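Single-structure report; data block below.
Just so it is clear, A, B, C and D label the chains in written order, and each chain counts residues from 1 on its own.
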Amino acid sequence: MQLGMIGLGKMGGNMKLRLEQAGHQVVGYDRNPDASDVGSLAELVDSLETPRAVWVMVPAGEPTRSTVAELGGLLSEGDIVIDGGNSRFTDDEVNAKLLAESGIGYVDAGVSGGVWGIKEGYALMVGGAAADVERLMPIFNVLKPEGEFGFVHAGGVGAGHYAKMVHNGIEYAMMQSYAEGYELLEASEYVDNVPEVFKSWRSGTVIRSWLLDLLDRALDEDPELAKIKGYVEDSGEGRWTVEEAIRLRVAAPAITESLFARFVSRQDDSPAMKAVAALRNQFGGHAVKPE
Amino acid sequence: MQLGMIGLGKMGGNMKLRLEQAGHQVVGYDRNPDASDVGSLAELVDSLETPRAVWVMVPAGEPTRSTVAELGGLLSEGDIVIDGGNSRFTDDEVNAKLLAESGIGYVDAGVSGGVWGIKEGYALMVGGAAADVERLMPIFNVLKPEGEFGFVHAGGVGAGHYAKMVHNGIEYAMMQSYAEGYELLEASEYVDNVPEVFKSWRSGTVIRSWLLDLLDRALDEDPELAKIKGYVEDSGEGRWTVEEAIRLRVAAPAITESLFARFVSRQDDSPAMKAVAALRNQFGGHAVKPE
Amino acid sequence: MQLGMIGLGKMGGNMKLRLEQAGHQVVGYDRNPDASDVGSLAELVDSLETPRAVWVMVPAGEPTRSTVAELGGLLSEGDIVIDGGNSRFTDDEVNAKLLAESGIGYVDAGVSGGVWGIKEGYALMVGGAAADVERLMPIFNVLKPEGEFGFVHAGGVGAGHYAKMVHNGIEYAMMQSYAEGYELLEASEYVDNVPEVFKSWRSGTVIRSWLLDLLDRALDEDPELAKIKGYVEDSGEGRWTVEEAIRLRVAAPAITESLFARFVSRQDDSPAMKAVAALRNQFGGHAVKPE
Amino acid sequence: MQLGMIGLGKMGGNMKLRLEQAGHQVVGYDRNPDASDVGSLAELVDSLETPRAVWVMVPAGEPTRSTVAELGGLLSEGDIVIDGGNSRFTDDEVNAKLLAESGIGYVDAGVSGGVWGIKEGYALMVGGAAADVERLMPIFNVLKPEGEFGFVHAGGVGAGHYAKMVHNGIEYAMMQSYAEGYELLEASEYVDNVPEVFKSWRSGTVIRSWLLDLLDRALDEDPELAKIKGYVEDSGEGRWTVEEAIRLRVAAPAITESLFARFVSRQDDSPAMKAVAALRNQFGGHAVKPE
């Protein structure tokens, strides 16, 4: 079937390729004219037969919201917009409502797979009306990995991004799990060859996983991670997961501590630890380390 | 080759079978005479040709220590004892020293695989002298899973149990990661079908893993986990991992919080929370819930 | 000076008394006619001379917002509204903007002191324009505790509630600190008389505090806290503090874990721990506890 | 009464002074001859009338253990040794048993008060036999702060150090509580004058405490803590408290996270965060920060 794809970066561009290799016709638009099939969103919309389906794959937040709003003015009743970016699930209801005013459907799709997706497929978690999701299945079926897993219609509008958000929260905590184990083994005098231990864990253990495979790969390339600084960014999903934990009164210590560890990793100096050092100096006369 | 196997429970019995299926000759001893090939440790030792190898697969702590001590009196110079149980790594040095007095070698083997090991193989993390490990490779090669992974000679005596301990620490935190995601999805009004979401994650996602496969399996059997109480035991390895984090000054929040969550899961009422409730009542007049 | 006081519950009623004892004239309004000096907000406004000052002391959220909105229609240019409730700091900007349309000033006041405030004074953290705060100082000076501490003009509109929110976040973590110590001492075989230990800590120690005095008081009344269930509510401030930690990328593990402990204290069973129990059963054949 | 005092550093020296000011006769020994009243432990023992009481105030661990052992050879039946240092509670049983062989009593005393103790008194938590503690009350009564608090006989041998250990665990978490609040206020755009907020909290609030007084003092001296690095040491008690939490299966997240925050504060780079950065690069192509 036909699909419009807006945003042809690392993710959108590869998804377009995967869809085209399967015989779908994808018209792509990107702000970068060299990467774009058409010169404008209007041109993209004009180039698709109705009922249209347009996949938005641009940064979350304002860029996605404004793109959806612009599409609301260009598309017609019966068309569908898919937000495949990393939007907060609360944006979905706003977007869906806006489009519904023009009779345009809205589906949110959480997409996992990163740089590996073009080859192995993209795991898809989608939210929206059953009829809309049904209509898009030819697209989803090509994007998703082969086999029985990798796709779920998780619920109404917002459910796709919600499931993806929780996926990323789990991802944060799993990465932290391996990372703590790594630091412990590195610190200990008992184990001689830490990368070999991680490699061995890839089979037969309870903790085998794709992330473990990747960590082994990273250690093959740089056995002491000597070229990498312990500085870790975080994206919205991890923070939103903790916000949801607070809203829903769900204890989520492993996910939250994983996020906090990233915050600390980006600090040159910690105001909190300055305060503790100051207190120890006050009551015990303990020396402080000068800045 | 020949092997003596002491302890023929769920783990030891299955490992014996896997070894025998591969053509090794295993003489088994168990306190339960019905399960045992021989009537005593002495008889087991007598039935093996020198240099002997005897695998101890009994509960960690006193049972393992006393078995090793008894073997020290029965075996001869050049024999090897393997402790395949869940001993604390600090026991290994004691055991090794004791046996070394009689010229007997000692290898510690951390074993992962649980009820799945007989079919899929047991991941092995071993510690000991290179020559001892080398001699036992025919045994290890059969126990381990097929392929290039699943075995590591992690270092000297103790390194095997140490690596297995950290493996289990990571395991605790990974289980907690999925569990927090599960509770969030269950609590949220956005996602309709939580088990379907978990099932979909088995392919194409960043968080795919064997544990995820097992959680999907559990949810297939009991989609709301209605038959299972949220009561979780813990074994030594998780606690020892945190002790090591303290000893080595390594922050391990995800692992530690996973352990604490288990402690709390087993309490009928929390003295700490009683104290907080009492405090709130004192300063704010907030009602307390009577026992 | 004159003050209107809206909401004459535990807090508002006592604050009115403290102000009147100091010679201020307070006209009180409460939904409960028996407690109220006047029959309506309109009547309250009419009874005050301009420029008026009206203190709102009603539940945070909708009740406060709608009271402020109603006052916006009744008060005149040059009057001031003080929100002394537990509003989220983000409500303050909305309230202030609404009142500013009619030339009415707005000051937010975070109030600490609980049931002890009438006697010991109420600690006040206020936000707003300098001129507005200045005008209200006769009120603040009576409400606050004697001495040089207990009052701060923390910044512009919102700063008062913000400072109070962080105060409460710290309060959560301090209560958790004592509570963990209490549970440890209770669990240990080393210490015979836990309440005596807490009592002794009230003087000369690093951890002496008002909260410790209160805990000693609670233990005097009920040495084993046998009449109190370990069930702890939480109010908005603790949750908002964690939300702010997330927004500002500040690690706040002690505060956050204190909040999570309260969430767990209110659960009959934990879905997360069910998931962990299910996983242990799947890979290790470990028994689960049936519901 | 007479007392021998071994170790005349910051703590021991001040305690000697406080005792002498109250009329007790204290013979002090220190490795530094300039600070010492006598030339050796033997001389110190000889200078005291029987039954003697000797207070050991030297670093915990080997120094304390060897001093106690040496005293065991010098003292006589009916004498008492007090360990007032920061020994692990498990050392006390060993020390007591050793001395008991010669009929010498043993009392452990956890001491709080730091540099302020000489003036305000030292909070004392003691463990030991009732008769031994009773005999030493003239000493304890002078060292402790005035008033009804500041002394507890917490139980048998070890109980004093145990109570002091938990005191310090609570102290870690309380300091972390204030420190997190400090960092939040510093990071927020809502509050203009963070030191003023802390100062105001000293009266009327729920979180008023001696530690808060000290933090205010530190902020008076250096309002932005600009001269202090966020680098925090930890002593044994915090680590032992967490070890006890593990042993007793007590969740202690606030105390433990406080300790972990200190560990991280002392790292130039975090191996765990290197591993997370490496993983993000592997699956998402996210840039890493080079070392």
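The working rule: a contact is a pair of C-beta atoms (placed from the backbone, for glycine too) under 8 Å apart; a residue touches a chain by one contact, two chains touch by 3 or more.
In this text the structure is predicted, and so the values were computed from the model without any measurement.
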{"item": "Given subunit C and subunit D, the chains that contact each of them", "value": "A, B"}
{"item": "Far-end chain from subunit C, centres as C-alpha averages", "value": "B"}
{"item": "Fitted rotation between subunit A and its twin subunit B in degrees, CA, nearest 5", "value": "180"}
{"item": "Comparison of A-C and B-C by number of C-beta pairs in contact, larger one", "value": "B-C"}
{"item": "Distance from subunit B to subunit A - Cα centre to Cα centre, in angstrom", "value": "33"}
{"item": "Inter-centroid spacing, subunit C versus subunit A (mean Cα positions, whole Å)", "value": "37"}
{"item": "Chain centre separation (subunit B, subunit C; CA means) in Å", "value": "47"}
{"item": "Where subunit D touches two or more other chains, by residue", "value": "114, 176, 178, 180, 183, 187, 206, 210-211, 245, 249-253, 257, 260-261, 264, 270, 272, 283"}
{"item": "Of all residues in subunit C, those that touch subunit D in their complex", "value": "89, 112-114, 117, 120-125, 127, 144-156, 158-159, 162-163, 166-171, 173-174, 176-178, 180-181, 183-185, 187-188, 190-193, 196-197, 199-212, 241, 244-245, 248-255, 257-258, 260-261"}
{"item": "Complex contact set, residues of subunit D against subunit B", "value": "206, 239, 242-243, 245-247, 249-253, 256-257, 259-261, 263-264, 266, 270, 272, 283"}
{"item": "Contacting residues of subunit B [partner subunit C, same complex]", "value": "10, 114-116, 175-176, 178-180, 182-183, 186-187, 210-211, 214-215, 217-219, 222, 225-233, 253, 257, 261-262, 264-265, 269-286, 288-291"}
